[in-house]
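In the two assemblies presented below, chain A is common to both, partnered first by chain B and then by chain C.
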Partner chain A sequence: MNALSDAILDASVGWSVLAAFSVLWIFLGWFWGRRAEALDDYVLAGRRVGLALGTATAMATWVTSNTTMAAPQLALQMGIWGMLGYSLGAVGLLMFAPLAGRIRRLMPSGYTSGDFVRLRYGNTAWRIFLVISLCYSLGWLVSMGMAGGVLINALTGIPYHYGMTVILTICVGYTLLGGFRAVIGTDFIQAILILVGLAFIAVLAIRTVGIETIHSGLLTERPELLSLLLPAGIMFLFNNLLFGIGEIFHSNVWWSRAFAFRPGVGGRAYTFAGLLWAPIPIVAGFVALAVPALDLNVPAADMVGPMVAATILGTTGAVLVLVMVFSALSSSIDSLLAATSILVVEDIYRRHLKPGAGAAHLRRVTSCVIVGLGVLTWALCAPRITTLAELLYFTGAFVASTIWPIAAGLFVRRAGSVGAITGMVLGSAAGILSYFTIGFYVAALVGAAVSMACVLVAMWLAPGKFNWKDLREQELAQGATA
Partner chain B sequence: MTIPIDLFAAVILVALAIVIAAPLILLAFWIADVKRGVLW
Partner chain C sequence: MLERGRRARKSLQLLAATLLLASLSALAQQQGRPATLEPRDFESNEGYYQLAWQAEEPVRLVESPGRDFVDATVLYSGTDTGHVVSGKPDGIWHYRLESADGNRVLSELATITVRHHSLERALLFFALGVVVFVATLGLIFFVRPDRDERA
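After this line comes the complex of A and B, so read on.
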């Protein structure tokens, strides 16, 4: 067995690549954000985003470090179903397409998913939702900050804490300078880099090792990974499907895009993003399945992706891997910083602490919250506490419990606060219980099922009669100050 | 019951073809948006 104990890239090369892209992202952040003085310009890019940037930002944001690191890890643990199951994350984007159009129509002046839950279900459901959404956002941010440190360390030998600090600092920097315009502008470039890099790695893997050799290597050493009846894999497939839907339906990362897109763009952008995203985990997972054929020793499961890529590609190719993964990390971290900051500012600061705050004041507070979120994420990433996939799937129960309250709330008048509250609370509790008693791969499944039962039973026993016009709040005066 | 080599290869190659085409599709959207003046 070949143990890959040393980093494939020299640390100085790694630092050079990081420095070059850091300068580029910061410059673009400043350039695109230099005129974003108004709140709507800063947090929602003026609500005029077109199809190209809309598709790219939805796709790039959904290509996380988990796609590039956890998808290969899951392929190696769950085989063909791990790859396909991860790929079903695209269903969340596809299913959100009609919701995005409806959100834009119902709430033309909305800012956050919290706005919707507050207006639709009242304060109790809203506060429960905020706890779920903020915990999830922070979990996602931490999982990606950790992934940055792990990956940069695996590829370049740069210590974990340095790599993690660099990626977080750069993302905070350009998001702070350019706001949402910088986020979606860089997302476009990052989407291109990710796709080209992944295609390059996969083509070289096929040319170097060969699909047939990879298949026969698996058949000899890990035949269970090619099994079409691997029970945990099939369970994972459905679990991931629901997890993906839950993540997208509730998270302000996706709602803020729905608010930011031009009227009529949201549905098409999310549909294209889903179709273009779906093959990415399959291709990334395929690369990991080369482990038996390459006779590699994998010391840590979450390092399998970069290890295989580095073994196949050598030094020059490893630079490409670093660029691709840096892009994947940046495109998600910047989106989370932007979307979570406006969630904190709108739903906590404005609605709980300073109801009279004007747009200009909220614009300044948003900048402070972006920096604060970056610092908090760094502090939580500093002790590397769990593997990436475990951290990611712990939140599955919570987010899956929001699917039915959100979907029913957008389309069904009869859906009321009782169903939403019990759905989120009981769904989360049941999902967490199953996480610890059965496994991570059923948490979202159970959470969504219990939540669905609660919402449907409540609609039947205590039907509401919501007036859709109640979702239209008065627009903030953009020039006003507190 | 394991996935046969033909099906395995087909899944991988179709996925790879979409990944290769995706940047071109995004660039085509970009050009169309710029021409119509609706980039952002």
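After this line comes the complex of A and C, so read on.
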């Protein structure tokens, strides 16, 4: 990483902010989780999450370090299209709304997205799906752990390893104490902090610098950022949209919420979350366009958001950014820890290693897996391998290749395992190929297109005859044994 | 025999002198260019790229459309070790590091060629995106799942 010569905040201020919020999250984790004894209570918040908490948790989880740091980065690199393209990630949430309702109806006692793929397409498709999903989850966790360490280091001068360790330890701590209930509760507070912080920074950016100054600065120094015919930006637009859809459709982070929401809540919660989330990347991205007007040197593109905020607002801005990004990171890391742990416990431990395990045993194993995931993430973050952050872009091809197998599997009886397997394998391969030959901004698009073609051709040549009732009956039986 | 020995000694002395001169010249060059600027030669299809450097003193980063740096612009001056360039139109851009006062050139030349993807290619991917997106929308919002779901 190319470094700034000076940290913006004093390290003691950084430690104070981290300590205050760490104590708050841990306390809330303990408070909300103190009665979660049963497995369903611990991993799915008792399946009784209402609309307000449901909306907040979906929105806060989708506001990751990627939103607060990569949206400004993309605006700086691809201008107007980068900013708008990133906000199209909201479409994934909006399109998951009807899926959430259907998932809840089809699998009222389900636990994971892996459950669905296994029952719908069989073991081969399920194992391919698990590889994609677990690699994606781990890549996401590692990129956020690293982002936390880097950001804290840049803002406060606190060494990378300390910052990264604090963030991971706190998230593991309160997820362990409170389970999914704590994740959802803290997400609600974190969502409010993120929204208020961003709105404050954007208003001050416009007031301090002014729209006209920003526009003329761009026109003089970085003119292509204002061009609607910027080719890479045009290519990026649908790529990011499909990447977002792929991330949400396949990931257990979103399926576990669909299972946790009260019947009838999922569709509305995801719709509201999508509408609330859409402006966030635009606001965050807009801030980056002030760089020429502020005559600011940006050593590394992913630092642009925090740097502009700190330049405009000084110490207050830096503290605000620290609180906001700490919230964004926590709300995503805790969700990933919770959702990935149940995927590991249900789809790997119970299905492959201990089929007869009871609920109490699984509850204990879930806690161990949360700690294990935290340690593994820490170990992968510690060497600070910067290419791991780029790994997340890689996953675009893989996750986008799951869009059609998942969506067709939920809505079309004729969709079968041949289409799902070839779709995921060939879609991923084509996406990765385009990543290397053209650029990261087409990998998900190509992956989704090839996967869609595979699913459609297979439906035509070898149509399946899946019976939805079978899915539900099998799933109910499994829920009962758990 | 004696003559051959003298010649061999002379050859060895010549070789040593050449090696010494080459080393001194390399050292002098290195001293004249005490900073490294990366990437040295790069093509961008997006109009953005990152320049990174290592230097032991404050520097200024200078950009010029020509190799002679007659029409040069100072992009940055200070102790940071990188600079992100974006929003560049098609063209060839040259960069180098200079001392903070601009009197000494500290690095070798870095040359970046910006050649954007063609608009036809961009619109082709855009159209592919529209097709996949509309088809996915249709699948989710207009396909009615089979009736046996309620059975």
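We take it that the second predicted complex is superposed on the first by the 464 of 482 C-alpha atoms of A that agree within 3 Å, B and C clash if a C-alpha of one lies under 4 Å from a C-alpha of the other, contacts with A are read in each partner's own complex, and residues count from 1 in each chain.
We adopt the following convention: a residue touches a chain if its C-beta (ideal position, glycine included) is under 8 Å from a C-beta of that chain, and two chains touch if they have at least 3 such contacts.
These numbers were taken from a predicted model, which means no experiment stands behind them.
**Student:** Would you check which partner chain A:222 touches, where first means chain B only, second means chain C only, and both and neither mean what they say?
**Tutor:** In the superposition, A:222 touches chain C alone.
**Student:** By the touch definition at the top of the document, which applies to A:80: first (chain B), second (chain C), both, or neither?
**Tutor:** First partner only, chain B.
**Student:** Answer with first, second, both or neither: which of chain B and chain C does A:192 touch in the superposed model?
**Tutor:** Only chain B; A:192 stays clear of chain C.
**Student:** Classify the contacts of A:207 with the two partner chains as first (chain B alone), second (chain C alone), both, or neither.
**Tutor:** Once the two structures are laid over each other on A, A:207 reaches no partner at all.
**Student:** Under the stated touch criterion, which partner chain does A:283 make contact with: chain B (first), chain C (second), both, or neither?
**Tutor:** In the superposition, A:283 touches chain B alone.
**Student:** Given the touch rule stated above, what does A:449 touch, chain B (first), chain C (second), both, or neither?
**Tutor:** Second partner only.
**Student:** Just to be sure I read the superposition right, which of the two partners does A:467 touch: chain B = first, chain C = second, or both, or neither?
**Tutor:** second
**Student:** Common interface residues of chain A with chain B and chain C?
**Tutor:** Residues 223, 226, 229 of chain A touch both chain B and chain C.
**Student:** Which part of chain B faces chain A closely enough to touch in the complex?
**Tutor:** Against chain A, the touching part of chain B is residues 1-3, 5, 8-9, 11-16, 18-20, 22-23, 25-27, 29-30, 32-33, 36, 38-40.
**Student:** For the complex, give me every residue of chain C touching chain A.
**Tutor:** 45-48, 50, 52, 75-76, 78-84, 86-89, 116-119, 121-123, 125-126, 128-133, 135-137, 139-141, 143, 145-146, 148-149, 151
**Student:** So in the complex, the part of chain A that touches chain C is made up of which residues?
**Tutor:** Residue positions touching the partner: 2-5, 76-79, 95, 98-99, 102, 106, 218, 221-226, 229-232, 234-235, 237-239, 241-242, 245, 297-301, 304, 403-404, 407-408, 410-413, 439, 441-442, 445-446, 448-449, 452, 467-469.
**Student:** Which chain A residues qualify as touching chain B in the complex?
**Tutor:** For chain A paired with chain B, touching residues are 45-46, 48-53, 55-56, 59, 80, 84, 87, 181, 184, 188, 191-192, 195-196, 198-199, 202-203, 206, 211-212, 215-216, 219, 223, 226-229, 262, 272, 275-276, 278-280, 282-283, 286.
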